[in-house]
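Each structure below appears as structure tokens.
Here come two complexes built around subunit A, the first alongside subunit B, the second alongside subunit C.
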Partner chain A sequence: MTYQDKTDTTEAQAVAAPVLELEGITVAYPRYGESDHVALDAVDLKIRRGEIVGLVGETGAGKTLLTRTVMGAIPGGGEHTSGAMRYNGTPFTDLPDDKSPVRPAKDIALIVSNPRRELNPVLTVGQQIVNVIRHHLGLSEKEARARAVDMLRAVAIPDPESRMDAWPHELSGGMAQRVVIAIALSCDPGLVISDDATSALDVTVQLQVLNLMKEMVAGSETAALIITRDIAITAHYCDRVVILYKGEVVEEAPRDAFFDRPHHPYSINLLAAFAHSPALREAWWDVPPLADGTRPACRFADRCARRQPRCVSEAPALRDCGAGRRVRCHYPVEAGT
Partner chain B sequence: MTLLSVQDLVKHFPVSGSSKLVKALNGVTFEIERGETFSLVGESGSGKTTVGRAVVGLIEATSGAIVFDGKPMSWKRNIRSPELRGRIQFVFQEPGESFNPREPVAAAMIEPLKYLGMNRSDRDRRLAEVLELIRMPMATAMKLPDDLSPGMLQRAAVGRAIITRPDLVVLDEPTSALDPTARAEIVDLLISVQKKMETAYLFISHDLSTVRFLTDRICVMYLGSVMETGPAEKVFLDPRHPYSVGLMASVLLPHPSLKTPERMKLEGEIPSPLDLPPGCPLASRCPLVEPACRERMPLPEYPQPKHLVHCINHHKLERADVVSDRFETFHTLSDRILRQGLPERVA
Partner chain C sequence: MQILRYILKRLLFVIPQMLGILFISFFLIKLIPGDPAVLMLGPNATADAVAKLRAEMGLDLPVFQQFMIYLGNVLQGDLGMSWQSARPVLSDLMTRFPATLELVTLSLLLAVVIGLGLGIASAMRPRGAVRKAANYYGLLSGAIPDFWLALVFIFVFYTLLGWAPAPLGRYSIMLIPPQTITGSVLVDSLITGRFDVFMSALSHLALPVLTLGLVNAGPILKATQSSMDRALGSDFIAYARMNGLPRRMIRRQALRAALPNIITIISVLYSFTIGAAVLVEIVFGWGGAGQYAVAGVLNSDLNPVLGFVIFSAVLSLIVYLIVDLLYFALDPRTRG
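== the complex of A and B ==
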């Protein structure tokens, strides 16, 4: 292979490369006198340009830890022990480093669930947007201000010129969340991560904010990762759904296929939470406990209604089942079963 | 038979350092029958929590009356008086914050019985009964709150509330701090407890999909006023207040085919309850607003028996042709999905 050939292929790869590619991300917390607690276990995730991916999991599934790993801020002594992260094909490891090719806010923007805590209480709203724009885009104060007003208008804040001088405490929760979204999108990031961004909002405001995010993403070819514990959001705003359970991806599928026939028993358990029929719900949820001291190989075995002896002895692998679907289960719910 | 009657309840909170008032409740009226579930729904700031707190006497109303079991509540006859002690109980939103972190949850659960003067062996017997009802093993109940999951802890909070065999339990957003699976478990528990004990619930929530299948009657509140009250099936199938329609249209259901309807989208947010203008509180957000709406609060009207609406345009929202609401459609759909691959031992 000549040198020329090699560059050609890398360029072609860069064009086709997903915006964010996570490969085998493992984060472990060392424990005294015990084996490490593996909080994220070989998580793979690909997000393509213009795509909205929903990541669903309950408390403790590792959703927030995954964002923190991507943003280079693993909390509480956790260690990123293995795995590779690539942004548009460029590998990166530690985001806060100034020399890193991928910068937070510029390339990957994060929206968290408590907008008031995220805004600086002693700076006006306008100043906070201007600071981010000037730092990343190197515009003059005047240009940055004009851009900030445009951003506030884009997120449907009434009277944006005068709102530039408002303080964060003067904003309602929904308004503050819009400002945070405006900051997140002000530098045209390639990827927006929303970590439970709408869970603290009222239903009417949640809908407005989600519609806004969807429009902004559609208009700018940005990709988005919506992390949530509410599976209903993913049914309406995502192209693909990824289910996380105890630090492992257990199912991944295109949205419509997922909601018509979820394969993994855990996905069905999640959907059962919204169902009305208590009898059906109990059928999925009331699982005889495992014998004392058993540590099942499949992390979901103790709650699984379709459990078989094999689930306790052998850990299932995440396997491909065609049509862009992957499932981690020995006995998934498939056609005709 | 009416158990609790709230009549024209008004609560204004003074704002420190100014003469302004936060008008949290502006004349709320409703009744709860024995053994029924009555839900208060609305966005944050609608005053639903204030109603719940006033009912159990945690705050004193500015004016209006709360009549429990035929007699008005007052400073002499309150939740602490011997006659009423243990008959009205409360479940809080954050399970972790409503338990003493230094004592086992079982100790917290039997505490209400001490104030009823019950002796130790009776208390222990009652605790065993309640633990069976909430399906919690004694070993779990002997743990400290930190060692239990939020769902388990909320289960214990429900147990603590029903241990005195109350007539009424006020549940203030009992499920909103929980994961969807734990939420559904608590709802199932509440339904089974009610079947056995015939307790009435005042269920305060903003989560309409939970409310839909738990409640007998529903009351939609907005900025301290009642917008619509009626039997749950009627209000969900044929809501007659623009706010109820908008609120229900905002609920996302977990299936891509159940899109949120475009009807009556509510723009903007709930205004500040400081110095409310006269007239209907929804006037600033309502797509059907007329000059008359801004002058005075619309009088109650009854489009159907027992279905009360405060809106002069309620007839414009009538939909005679609908046979099932979105929530019902979803449940048919979800039943089909859940039947796929159901384990054989139950199928």
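== the complex of A and C ==
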């Protein structure tokens, strides 16, 4: 069976299927003489058409690894051991492969952070956009160039015609970030993933860039996954929030419900870090350490203010608690507690 | 404009560089024991005759004064006489240096074709069979001496199979030499329409070029492989992949990023092989410049040695200037 057949049979379901569906994504790094280090553990994620989902987690939670797994570029010898990925119902495994039914940039586009290292230093900005457009949309050089200029204008780069001939090293960080966004949006992808794309920017530029992304998603059929360390961003720009902790989804909820009443102690932890109340911070951050050598079953137990003996012995499952919410905790903070 | 200024600046630096090279090599050569006057006059010469010749040749003067005299002559285009050939060194080198250049240039072209091709192919498929073969080849080419390989080729292709001509010079001694225009037998015979000489020269070039090409392909292969590996592992190539760019475009971008390293290795090899080809030149009776210089060293014939140093120094400086200009063209960041 060829890839083409698969696409045809799923065409009817595609309308109903989520834009991106991740099912039990597990990525492990083999270790010499030890059990594998599981960097992502059975991560589920669904993104529907027109939806903006925020994925929040601290450094090392596996946010970037998740995007790289989707993009088929797992760094440093990690292995995608199990799980399925579907785009509009079409399963895919290796996006960069020329034969993949789902194409990067055209279907799923990634906005990278640190774009000055990601742009090719010896090609002009224009050439890099034109390459992507020509390859995926099959336009002529002239049409592709015109589209590239339009894209640069759309991401509010001043004087786009002359910027086409600029070299990446001549751009400021904010400019380079916009170029990367222009590349990501240039082929009208069905899903845009922003991997911490704004964290390196000035706050004002960050705002502009995020507003721009939101506008562009709203103006089309695109869905977006915004990955960030900054939970405040999700409050402003996302429809749904997913919290990742040490490679596991610990909470998932619609935005308003989440900020109104977060269920998982880690979510409260994150919010408390931004709160103006020192009392709140102390209550959630001052946690007595575990006894030396204890390996708690719940990955958050060592930092949890609500820790019980059960948390050390039994790993909590991610369970549904209605209204589109899921939480991975034995003792979630629910109404009345 | 900027590039012209750069070239001028580089050419200005050539003067002190050349002076330094000449100075050092002159004194190093003077350190070699051996008296040309004794060698020239033979074992039966009287002490008086030797002293007289030494005075004639200026060998009795202090070394620094000898150097100044030599420098003065060089500036007037006089590289002195070789007592072995009894001809001016300049005219000797004008016929011998092109022979070496022709050999080394063609050999390195072959080495680049092999090294670049295998290097790129093996970097693009890290687990492929080509990679394994290329790794063995890199190891072998580093371990096999070129003169030994040359002898094996002569044994197989001349003695056993009879495909190659006798390893004696640049073309068959039965042919009348073509008029010298550029010094390259291939080019000169083509210009003058001497196709018999052209074909003969080609067949005489085959084995030495194959020898030097196969040996020198090793370093080029290794440099290509490792810098392609690094380029393919870089962030911008990962990004290009995540943008779904096709394989051949990824390969081109990676090669472009790897090119400065590869060019460096090729240029170093080129300058180095001009002298290092001497063993292969001897095996094939090539009559090249390296052979000439080595004979000079062995016979205390200093002028050919110094002349060879000057010729190869100028050539190296030209090669490195070209390399710098290539960097300039390849990397927009160096253009400032």
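The criterion applied here is as follows: the second predicted complex is superposed on the first by the 325 of 337 C-alpha atoms of A that agree within 3 Å, B and C clash if a C-alpha of one lies under 4 Å from a C-alpha of the other, contacts with A are read in each partner's own complex, and residues count from 1 in each chain.
The rule is short, and it goes like this: contacts are C-beta pairs under 8 Å (C-beta built on N, C-alpha and C of every residue); 3 or more make two chains touch, one makes a residue touch a chain.
Just so you know, these numbers come straight off a predicted model, no measurement behind them.
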Subunit B versus subunit C as contact partner of A:V192, first or second or both or neither: neither
First (subunit B), second (subunit C), both or neither touched by A:R117: second
First (subunit B), second (subunit C), both or neither touched by A:M151: neither
Which partner, subunit B or subunit C, touches more subunit A residues: B
Touching partner for A:D230 - first (subunit B), second (subunit C), both, neither: first
First (subunit B), second (subunit C), both or neither touched by A:R103: second
First, second, both or neither for A:A253, with subunit B first and subunit C second: neither
Sites on subunit A touched by subunit C in the complex: 71-73, 75, 95-96, 98, 103-106, 109-110, 112, 114, 117-123, 131-132, 135-136, 167, 169, 183
Residues on subunit A engaged by subunit B in the complex (per definition of touch): 58-59, 172-175, 202-208, 229-236, 255-256, 259-262, 265, 268-278, 280-285, 305-306, 333-334, 337
Residue ranges of subunit C in contact with subunit A within the complex: 235-236, 238-247, 249, 253, 256-257, 330-333
Subunit A contact footprint on subunit B (complex, rising order): 43-44, 150, 179-181, 183-185, 188, 191, 206, 208-209, 213, 246-247, 250-256, 258-260, 266-267, 269-270, 330-331, 334-335, 337-343, 346-347
